[in-house]
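Letters A, B, C, D and E name the chains as they come in the text, with residue numbers starting at 1 for each one.
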Amino acid sequence: MLTILFDGIAYGMVLFVLGCGLSVTMGLMNFVNLAHGAFAMLGGYVAVLAMQRLGLPFLASLPLAFLAAALVGIVLERLVYRPMYAKSHLDQVMFSIGLVFMAVAGTDWLMGSTQQFIRLPAWLQGRFEIAGIGIGRYRLFVIAICGLLAISLHWGFTRTRFGSRLRAAVDDARVARGLGIPVNRLFAVTFALGSGLAGLGGALGIELMGLDPTFPLKFMIYFLIVVTVGGTSSITGPFFAAMLLGLADVLGKYLVPQLGAFIIYALMVMLLIIRPHGLFARGRA
Amino acid sequence: MSAAAFEARVREALRAGRRWYPAEFLFWLAAFAAFLLLPGQLLLLNEVAILALFALSLDLVLGYAGIVSLGHAAFLGMGAYAAGLLARHVTADPLAGLACGMAAAGLLGLATSPLVLRGSDLTRLMVTLGVALILYELANSFASVTGGADGLQGIMMAPVLGLFDFDLFGRTAYLYSLSVLFLLFLVARRVVGSPFGLSLRAIRDNPLRASASGVPNGRRLAAVYALAAAYAGAAGALLAQTTQFVSLDVLDFHRSADLMLVLIIGGAGYLYGGLVGAIAFKLLQDGIASLTPQYWMFWIGLFLVLFVLGGREVIHGAVRAVVGRVARFGRGAAR
Amino acid sequence: MSELLTIERLSAGYGEAQVLFDVDLALAEGRSLALLGRNGVGKTTLVNSIIGVTRRRGGRIVLGGRDLTTASPEQRAHAGIGWVPQERNIFKSLTVLENLTAVARPGPWDTARVFAMFPRLAERKANLGDQLSGGEQQMLAIGRALVLNPRLLLLDEPTEGLAPIIVEELLRALKRLFRDEGLAAIVIEQHARKILALTDEAIILERGRVVLAERSAALIAEPERLEHHLGLAAAA
Amino acid sequence: MSAALQTFGLCKSFGGITATDHVDFALAKGARHALIGPNGAGKTTFVNQLTGMLRPSSGRIELMGEDITALPPEARVKRGLARTFQINQLFATMTPLEMIALVTSERLGRGRSPFRTLDRDATLVAETAEILTRFKLDDIMNRPIATLPYGRRRQIEIAAAFAARPSVLLLDEPAAGVPEAERRELMATVAALPEDVSVLLIEHDMDLVFRFANRITVLVNGRVLAEGTPEAMARDPAVRAAYLGEAAHV
Amino acid sequence: AQEAVKIGLVLPMTGPFASTGRQIDAAVKLFLAREGAVHGGRKLEVILKDDAGNADATRRLAQELVVNDKVSVLAGFGLTPLAMATAQIATQAKVPEVVMAAATASITEASPYIVRTSFTLPQASEPMADWAWANGIKKVFTVVTDYGPGIDAETSFAGKFKAAGGSVESVRVPLRNPDFAPFLQRVSEAKPDALFVFVPSGVGAQFMKQFVERGLDKAGIKLIGPGDVVDDDILEGIGEVALGAITTHHYSAAHDSPANKAFVADFQKANPGMRPNFMAVGGYDGMRLVAEALKATKGDASGEKLIAAMKGASWESPRGPVRIDPETRDIIQNVYVRKTQKVGSELHNVEFATIPNVKDPVKARK
């Protein structure tokens, strides 16, 4: 029973790792970036290539995945994303879906449509038991990374001036500029961070969710659920939302497998009805 | 200016919204003429007409009431299954099936409308999406009724109005779908130009001011949501009847997502957006897919990106120019 | 005294629409200017063009010898312009304190001084931007411009929505700023007289053009001209 | 004289802040009443509760003797309670004509009808035209509201409240952003309302307040500090200290 | 020279089932390259369409192929609903529909014009029940994906296994499911002798990895099932976690026959980096079937003639001898029991037992 709790948390953390980049771009920048999954996929493929072709160890390929996705993020931000900020959410949806389509077909063309795999180092394989709870090493590793990420992101966005300047820029870019906030630079940095996190998430997720060209479409719904339920105004929101959804999903499927697929959706709808602005929306009356 | 003269001006201005433009006549003329001009493409055209009706439905809620929905497939699916099941178990009459599909989807819309009344765009997107996904899982679980993943087999439709049999070439199918689309379009056109339609725009623009002006926001939104759901149900029924098959796919996420693209391509909030978008989207998809079956997605994606990045202005500019010319021509002819 | 702001033949507008036509304006270091005119003549547009958030169609803007014509709004802000927009535009998801700290730059004005000037804001320090009353938002907008520690302050109807007692205080404070601290400012105000008493110079806009440039003191003394341009009843 | 609008022990708090604190208030029929008070005193919050935009924490609101505490905003409008907003709340994509037509159509109960047309409705056209003329909006009636200057938008805000033909009208700083020259005119329009329409005005322009009101309530920190005739209020030292300052020259 | 005989090939070339389309497409091209395009005096011409795995697209494309392109044969069909959606067209237009992939038992009953050259899941699953029982497995836990083929696999296996005297516990996994942890946890607590699994081939890798990660292999639970989970296409990627899985299927790229060796070699030459799987062989044999039928009708491509010629056709396929059952139009073929092993440096499903001439058990029982 406790094992299943652990699994639930781990699953939640994987959701978080995939979603947290999105909660940076979509949540903090208010940009509906459905192409998030494409950046995740990019990170995944970079990790795969780094390990297969360059023979790099797994740990070394993770920062590489982050950097590659962040770099591509910066370039794309400069070239095509920037004019999108001022457009409507619907336009952003369409634009980023377009990018996803291109990424899916492009990856297919470059890398083939088959699943990609990585080989984890031995110390991350298998599981061990503490007090009767079976703990997968890799899952524990993911939980640890996520915890760190959540804490540092939360700190970065709420406790620093960077965070409040960013939120100001999102609230009203025109006035923020007029008051001397370097909106473009803030957005570029944040976007790179969001993309980089997506890339990292993609690399971490390969082992658990697989990687193929349809990845950005297949998991889009999950990213969105996490960010919406968590609310778009903080990092802690998506963190707890991911945890809650992960636990509910895993527990639900374990206890009543017949209801398996319903649980996550039903829970999402219910939570959104009770808290339309997300679990941890900031002080709305 | 006298009070009476000013009243006349006000009346005139209020009428402007519902006047028919020459380009509109041309549009529908072309749609019906396609039946004769493109006999080899009727199946595709039928799909276009159904998608257009589906997009019209989304335009009603998105373009006129400002409710974004990523779960419109729920209503399409509801309509399709209702019509399909009716045909299998009760009567094979297409019009009865159409009515049944619309009613079933409309009721579902009414029942789920409380869910979309609150919250931000994003919340609405996800709640509607959630409803559609739940419906998908339900349809999958109740395989004894819906046929599950294998789809609903053995739908045999009677002739439309007892006269026109569905044929392999899609002749009846296209005319039938197009007629339904046209009639429902007329209704929608009337509705959006009515006081009711005006109040929807009011809610979309500023819900706070709308309720301070005496508009019962919740009820109006529920009403239009149910209406749109019925439209989507009609599209679903047409789909079920003209393909004589229903599968889980009608409830799938990509339906709703494609629909969104269709409407954004065409532009929301003027009724023709969905229709134009449906034509553009299908032709594009079909055209590119037959050129490069493996990588059409790439080109569609590129199109979408370029479209948003500036292509829209170019296209809409061109369309406006054409419409303007037609209008001038129409006025010239009228003189 | 040297020129602080020079505007030459400025034309600007929004999208396709042109609002300002060939506006010339010069402001010396430490001087204050009242910007008057009826509704919709383009006062706000002029101020917005100085900070750079409209669409410029021609002309030049120079601040303290530096050509800002093509500079971005944030560069202009860094060059020393502080802006109180007409619609206040408080950042709604930031607290009162964050609204100030997010834009603050080093100088004599800090959050403490703003709070001393508007004690009400100190009481609402932790409220989010959209949880403030109209007047509180106005105070915050002014405070936010001050903590930028600008050389030139742009105030678009700063007394709007403030209680009389606060207006009095604000006007006193502005007077001190203009006179004692030598802060240059452009002020738009519906109550012409209130602001003419405070400023050195005045210009009146009509349909996007400058129709009158005069010393404020002189204008106060000639109510007919005010009446003529602004339609004010002669009686005070 | 019975009250048109009355509150009993009305309270509203946001977290730790009590914005409305046991307010007992009565607006007489046909009154020209002003509500003044320092920034953040709770005036807007009070109006928001009267019109149903905010739910009171406790207390009761009566309109013409009927308890409306739990009614939604639109139901209150139907019963004759209209308002303007401190910060313009307009339909940005509509034209002034459409906006006024909307309010009129709702007042006439047409909004429910999906198959009627607007232009064939003689009453609706006549009333819309009348409001547009009265507020001098005829020259801009077909321009999108979003492109109009602030002052004109302000007029539309007020015209929209009038178009609901209210018996009780709540004006939250109607003159904000209106140039001096036009303020008087604006208030003249308000003053010209039929005798039996009760008006509650919130305004920081004391000129207007003292010209317009025959009764004034002063709200400070969510509580009624004083109430009485304009003269009495202008003399009241507490009111001067909390709000008027030296402006109380009347 | 007579007009070419057109074959409308409708496959999912994009979307989640793209790999099915790729395999079949490659195999069809290989057939034309190896065997030539002319059969029975007529040239075969293939028109490929992508339905992205979407049923009404399949149906419309099929309809257009029949109406506009005047095809004589419809072929392809990657998934059950896609094949089902087209059944009516085949019947109405009297055009044979050659199902090259979809594997739900009931498909051939949907139209008298449907012929299948792939397999049915009961056909592959029931022999597993026999083998398991015969090899001392008494208690089995089944995990299948909750859709047509999965349910087919589960019911046919469980039915047969229970009839033999074994005990079975079952769970179904939703189609959209990124994590198998909760299901595997149940398996681990139930401590069965074997875990019978059917998942669509793409997610097989995930499943196998989590199976091993959870230590179920070490707990002595055997992994058994129809061959989809150790699909040749992705077997290399799954890696060593797949070692030891026992599966029953009709085709393995390691099938030991000269015909297959040549087939695999040619396939890999034409498609570097790809290994033919059971989809490819279904596509290859689908073309072979059309070719044989044309030969039998001497080039007459009318639907009735063709379908009549297809009934009872038999030939030597890379998978071994096959025959089309004249009654059910389904395929009769050998099913092999395989174990996943290292062969040289590569992973393969090595066949070690053969159950000859298996008919689709569902229809056989009727």
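We adopt the following convention: a contact is a pair of C-beta atoms (placed from the backbone, for glycine too) under 8 Å apart; a residue touches a chain by one contact, two chains touch by 3 or more.
If you're wondering where the values come from, they're calculated on a predicted model, not measured in any experiment.
Using the touch definition up top, find the fewest steps from chain D to chain E.
The least step count works out to 2.
With centres defined by CA atoms only, which chain is the most remote from chain D?
Taking each chain's C-alpha mean as its centre, the farthest from chain D is E.
Farthest chain from chain C, comparing Cα centres?
Result for the farthest chain: E.
Express in whole angstrom the distance between the two chain centres, defined as the mean CA positions of chain C and chain E.
76
Nearest whole angstrom, what separates the Cα centre of chain B from the Cα centre of chain E?
Spacing between the chain centres: roughly 38 Å.
Just curious, how far off is chain D from chain A if you go by their C-alpha centres, in Å?
Computed value for the inter-centroid distance: 48 Å.
Taking each chain's centre as the mean position of its Cα atoms, how many Å separate chain A from chain C?
Taking the average C-alpha coordinate of chain A and of chain C, the gap between them is 43 Å.
Residues of chain E that touch two or more other chains: which are they?
14, 18, 146, 174-175 - these are the residues of chain E that touch more than one other chain.
Which parts of chain A, given as residue numbers and ranges, touch two or more other chains?
105, 108, 221, 258, 261, 283, 285 - these are the residues of chain A that touch more than one other chain.
At which residue positions does chain D touch at least two other chains?
Those would be 14.
Note which residues of chain A are touching chain B in the complex, please.
32, 80, 83-84, 87, 89-91, 93-95, 97-106, 108-109, 221, 224-225, 228-229, 232, 258, 261-262, 265-266, 268-269, 272-273, 276-278
Going by the contact rule at the top, pick out the chain B residues touching chain E in the complex.
Of all residues in chain B, those touching chain E are 40, 43-44, 47, 137, 140, 143, 148-151, 153, 168-170, 239, 243-245, 247-250, 254, 289-290, 293-297.
Quick one: which bits of chain A touch chain C in the complex? Just the residue numbers, please.
It comes out as residues 161, 164-165, 167-168, 170-172, 174-183, 233, 282-283, 285.
Applying the document's contact rule, which stretches of chain B touch chain A when the two form their complex?
By the definition above, chain B touches chain A via 62, 68, 115, 118-123, 125-127, 129-131, 133-134, 137, 140-141, 253, 257, 260-261, 264-265, 268, 294-305, 307-309.
Over in the complex, which chain D residues touch chain C? Could you list them?
The touching residues are 14, 17, 37-41, 43-45, 86-87, 147-152, 173, 176-182, 184, 204, 206, 242-247.
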